[in-house]
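Think of it as A, B, C and D in the order they're written, each chain with its own count starting at 1.
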Amino acid sequence: MVVLREGMCPGLDADLLRDLRAADIKTVEDVVSSDIEELAQRCSVSYKALFAIRRVLLAQHAAFPVSGADLYEELLSSTAIISTGSPSLDKLLDSGVYTGEITELSGGPGSGKSQVCFSVAVHVSLHLKQSVIFIDTTGGLSASRLLQMLRAETSDTEEQMEALQRIHVFRLFNIFSLLDCLFTLRSGRLQQACVGGGSVKAVIVDSVSAVISPLLGGKQNEGMSLMIQVAGVLKTMAKDFNVAALVTNHVTRSESGGVKPGLGVSWSHIPRTRVLLERREGGADSSLRSATLIKSSRQPCHIKAEFDLQSWSRSKEGSSGKRKLEETDS
Amino acid sequence: MTESGAQLFARLEARRCLEDIETRLFPGDGGPEHGEVVELYGSEGTGKTELLYHLLSRCVLPLGAGGLEVDVVFVDTDYSLDMLRLVSILDSRLNAARSFSSSGSDEEVLGSCLSRLLVVHCSSSSQLLLTLHFLETTLSSRPGIALLLIDSISAFYWLDRSEGGTSISKQEEKLSKCAELLGRLLRDYRITVFATCHAIRRNYSGPSSFSSSSSSSSDIDRPYLCRPWKRLVTHRLLCSRQETTNMAAPAAGSSEQKSQQVFTVHCTSSSSSKTKSYRSSSFCVTDSGVEFI
Amino acid sequence: MQCSVSSLSLSPAVKSRLTAAGFSLLSELQGLPPSQICAEAGVSQQEALQVLQAVRGSPVRIAPPLTALQLLQEEQQQRSIISFCSQLDAALGGGLPVGKTTEICGAPGVGKTQLCLQLAVDVQVPVCFGGLGGQAVFVDTEGSFLLQRVQDFAGAAVKHCSLLVEDDEQRVAMTTFNVETILSNIFLVRCHDYVELLAELHLLPDFLSEHPRVRLLVIDSMAFPFRLHFDELSQRTRLLNGLAQQFIAMASSHHIAVVITNQMTTRLRGSQSQLVPALGESWGHAPTIRLLLQWAGTQRLAVIFKSPGHPGSTVEYQINSDGFRDAVQSEQPPSKRPRTHTIQSAAGQRDSNQSAPGPRHCS
Amino acid sequence: MSTRMLKRTGLSNELCEQLKRHQIESCKDLLSLTPLEVMHAACLSYQQAIELLQSVSKVIAPPVSTALELCKQQACFSTSLPALDKLLRGGLPHGTITEVTGPSGCGKTQICLMLSVLATLPKSEGGLDSGVIYIDTECAFSAERLVEIAQSRFPDYFNCRERVLHMAGRVLLCRELTCQDVLNRLDRIEEDIISSGAGLIILDSVASVVRKEFDTTLPGNLMHRSDLLGHEASTLKYLAHQFNIPVVLTNQITTHLGGQGSEDAGFVTAALGNTWSHSVNTRLILQYVDSHQRQILIAKSPVAPFAVLNYTIEKQGICIDGDDSQETLYEGTDPGLQPIRVQTGFTYNLTTPI
């Protein structure tokens, strides 16, 4: 809702505002929903003037319809696909993480969520020469690991340092600072934040569940509302700035013993693509992980791929050892 | 408000009825008529979005390709419209139809299909209300518009709940206003509304809830939005996913089985003119969209 | 979409009043005098002031973003706490990292507390010996803090350092590095239940500000107070998730290493039972590094189960009277019989073939 | 402490009333909430909610001391067995829980009786000069045996009847035969400790009542049992720490079903499961060697290495064979799984040398 203020639109002067207040019309919604004819009489202004005000207010505050054809054209020119650095994972995701939408990685502790995030960040900063916003809520970001991954890709120190400079890190540990940060980025700071480093191509939140899960439950609705706001700002940011939003989520165990992504039913509608990462059976220190696509609008669900965390620290030549299992196409 | 005779005509006569939009979905002759509201309800991964794209593409496709060739307004509150997916569905349908008749180049036909679609994004319930007011002019100027899609009507539920404070009526105020306005638009312009609604768990018992699945599923299927909206809904499509064996063990089974993820829709129609009727149908999702089985 | 009023860290009641009065975006509140907010939204003057403060800039100020390069430099400046077990240090990339949270899980008696005590001593090793010269806070929930052991460890550490003295700086450092000062630099808190633990954790940020030399916070153990019955399971999850964020915030803003110990619990999975770390699935995400101490026959193994910076690995260790040390094959106790070798290696192999801890039954 | 009412923490009356409307009355209620719930219940902003939580925390948070301060008040309770004392660095540490586990007839109750005698001895004789609270759940306490041990172990001190009677009078016996009774007793025991000047708490045995009442094969019982044991453990820990006294428990044995291959089909180990093993600070295992000879195993101790001592039960209680140099180290394992030898003479234990 928007409160009516003097000078919001031509013709809305102090006198009229006072009259409208007297008629219990305080917000734009009130003006728009009321019967203009009756209101004009009560406030003793002309119907025409009030109608014009209504039209201007609507044009200012309503969302504007766009033709699907235009939208498609725009989308074709702006959508980018960011590689995760792992061919099998890329294939699972239909060639990578798409810009303009939220992709979620969920998995138990040590399932490689952060590693995939690091790899995406490295890929964007090194190969695409674009910036990345990395919001770290778990203290899990290790710059030396990023460097290790970069070293596997290039031996040029200069390039490595430049790539590191294009990764912008926020360390935020509670919901309000996360929201504050996201809104600041959303209101245009996103593109300014990274001068000289190319435009931002990815916003990574690792992990979104760490700040949201303490909010849920208990006798209050506030937590849900904050969660939906985080989702909303991420979605609009992804869409309007055409960046890829990559978030990580924890898992909960259902009664049957299977795992499912955390944060409940309301969150489940939010990411457009969801991937579940799991450790492969076989030793606590194995680096093999399996990924299952559990939600996607491009690929059939429940296809699986396997990838090796070690491959990101090896040099390019050595990374051919990735295996794939049970990959299915239909 | 004044309107010209032509506008009045456009308003009342020219809109196409969507009764036959998908005969396999609605019971008997119970498709949605002018001024009726269809709610697609289900939790994540139950095929709501696919079904919506199916209905959407049926509307915007040209008559020659088995479509209805009507204009559609898509109100996207979840920022969930996946244009690429929609285009791939349209493409495959157009390709299938092209084997029978040839009309214009691919790009052109696709372009004209897409130009029948108007998309509008909303980010709060008050913006939704203002936008619906704003759309009134669009509706009256474009007689081709027969369908208004809202994906999803429940997007702002939690925001409204927390903004409304402790009073229930305050919490529901905005959506009630939207519903009332929609009711008027439906009467005045004789359009049809399709809206999706996400299943939620109201009595949220935490991330690791141990509530038994049987009791929570019935709780999950119950409508929860405000009364004015409930009164508006005439058809309710309850979407669910069939728990197939390859769901429980996705590793096992061949690719043949895996593409056969089956979704079920249970339709309850209760239009004012008719008595309540039901129909269940199943479909699976392929590259070219929904296929009924 | 601009910043909305409902995202502010204000009281829910105030927020709902603001939205009811038609304020939904921050920009609408900007520049309004407090009295006008009072009048329009029906809030008290005090509340109106809070609103304006929140609008101008939330009290939880966000630090400007760092680039990963700056972060790298920061990481390289921060030293790690060495554990005196060189294999473990190597696996962790130079010791226990400062600024991160580490969880140590394991069966009873496997050496969790011993490792914590060792770290509490090691964090005090003077800077000129490659240590941190810091202090430690030890939050004891199980009553497992044992002074005699700390004295032993401290004595061994002092002895070790005195053998390394080479220059004057180190000689000077040694004059103050003795058992007594080591003990006086370990702050001990004994918490009897989860409420006391929560209370203590609320106060710790202030304590850490007052004692800037603290580089290590030990919670031994997290599991004991939280394994008791909670009326609502989700309440426990919620509290634990909140605590996890508090730990991470403390670790990174005060530059301390946070070490949390956790017990193991038996999880039934169909007919099989398995030993897994306690406190549930979502707690597993709380620590940045998860270290699993376990028995393999008569060997003790430390497994790095999760760590963003290092690949998983397994090292063997032993605990002797001096503390937590590398396992040395030649120094095995004389009582050990040759025949146990076969059993041991078989057990070792079995454990490495299976995932994490092997299935075990407990009565 | 944690059940302290919010009214007595210096909060304003208004705030207390506001919180009371949400059934938040004690410090525990408030601190069990997340900041968001506090914001909701108390109508505060995030910052204020954090401040509120901190101010309440100040009231109930335990004090911080340094290890050096602790060092100056540290004490041990000598077991009068020099070999064991040496390994345990002076005896059973005050403020912690020691568990004695073993098959029946191996001498668990003997140890408890012996420790009771020791606790009553004057400090000059190596005792604690204090009372003993002896919670007996198996009706195994024998006053005659107590006197016998006292008189044969310390013939010089207990040479007159008054001293023996005085000793016996300082052992406060509580016979509690159900779980609920034990719990109730523990909840009320603080007063008894003060009035009797107790310096030692003995619970013989913790396992018998619990195992009698909870058939763990029934669903749900296992969880209920863990809750109960957890409650007992935390109460005992609290008492041990609060009064800085040792607490001694006895436990039974159970057959551990072999799950690790077929060759070890099962062995005997301490009862009450894995979680319970975490609760005790020191675990001593008693086991048979032959009909006469027995062993003490130190299976879990924060100070002692894994060690084995041979002993016999004599008229004067437990006697460690030979001099104090006979200690043997053994390769320890998970104390929750440490095999225990029983009287049949049939040994399952492969790793323990003699």
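By our rule, contacts are C-beta pairs under 8 Å (C-beta built on N, C-alpha and C of every residue); 3 or more make two chains touch, one makes a residue touch a chain.
Model, not experiment: these values are computed from the prediction.
The set of chains in contact with chain A as well as chain B comprises C. Between chain B and chain D, the least number of touching-chain steps is 2. Most remote from chain C, judged by the distance between CA-atom centroids, is B. Relative to the centroid of all protein Cα atoms, the closest per-chain Cα centroid is that of C.
Set side by side, C-D and A-D show the greater C-beta contact count at C-D. The centroid of the Cα atoms in chain A and the matching centroid in chain C are 29 Å apart. Between chain A and chain D the centroid-to-centroid distance comes to 53 Å (mean Cα coordinates, whole Å). Rounded to a whole number, the gap between the C-alpha centres of chain B and chain C is 49 angstrom.
Contacts with at least two other chains are made by residues 1-2, 29, 176, 213-214, 216-218, 220, 222, 225-226, 229, 232, 236, 250, 252-253, 262 of chain A. Taken residue by residue, chain D touches two or more other chains at 34, 39-40, 46, whereas all remaining positions touch fewer. Along chain C, residues 1, 4, 6, 9, 12-13, 19, 24, 60, 232, 234-235, 237-239, 242, 281-282 each make contact with two or more other chains.
Every pair of chains in contact is given here: A-B, A-C, A-D, B-C, C-D.
Within the complex formed with chain A, the chain D residues making contact are 22, 33-34, 36-37, 39-41, 46.
Every residue of chain C that touches chain D in the complex is listed here, in rising order: 9-14, 50, 54, 59-60, 107-110, 113-114, 137-138, 142-152, 180, 182-193, 195-196, 198-200, 202-203, 206-207, 221, 223-225, 227-229, 235, 238-239, 242, 263-266, 273, 275, 295, 297-298, 320-321, 333-337, 340, 343, 350, 358-363. Chain A meets chain B in the complex at residues 1-2, 28-29, 32-33, 58-59, 61-69, 71-72, 75, 79, 101, 213, 216-217, 221-222, 224-225, 227-229, 232, 235-236, 238-239, 250, 252-253, 255, 258, 262-266, 268-270, 272, 292, 294-295, 297-298, 300-304, 326, 328-330. Of all the residues in chain D, the ones that touch chain C in their complex are 1-2, 27-28, 31-32, 34-35, 39-40, 42-48, 50, 53-54, 56-58, 60-68, 70-71, 74, 89-90, 93, 95-97, 216, 226-227, 230-231, 234, 237-238, 240-241, 254-261, 269, 271-275, 277-279, 281, 283, 299-300, 302-303, 305, 328-337, 350-351, 353. Within the complex formed with chain C, the residues of chain B that make contact are 123-124, 126, 159, 162-166, 170, 205-210.
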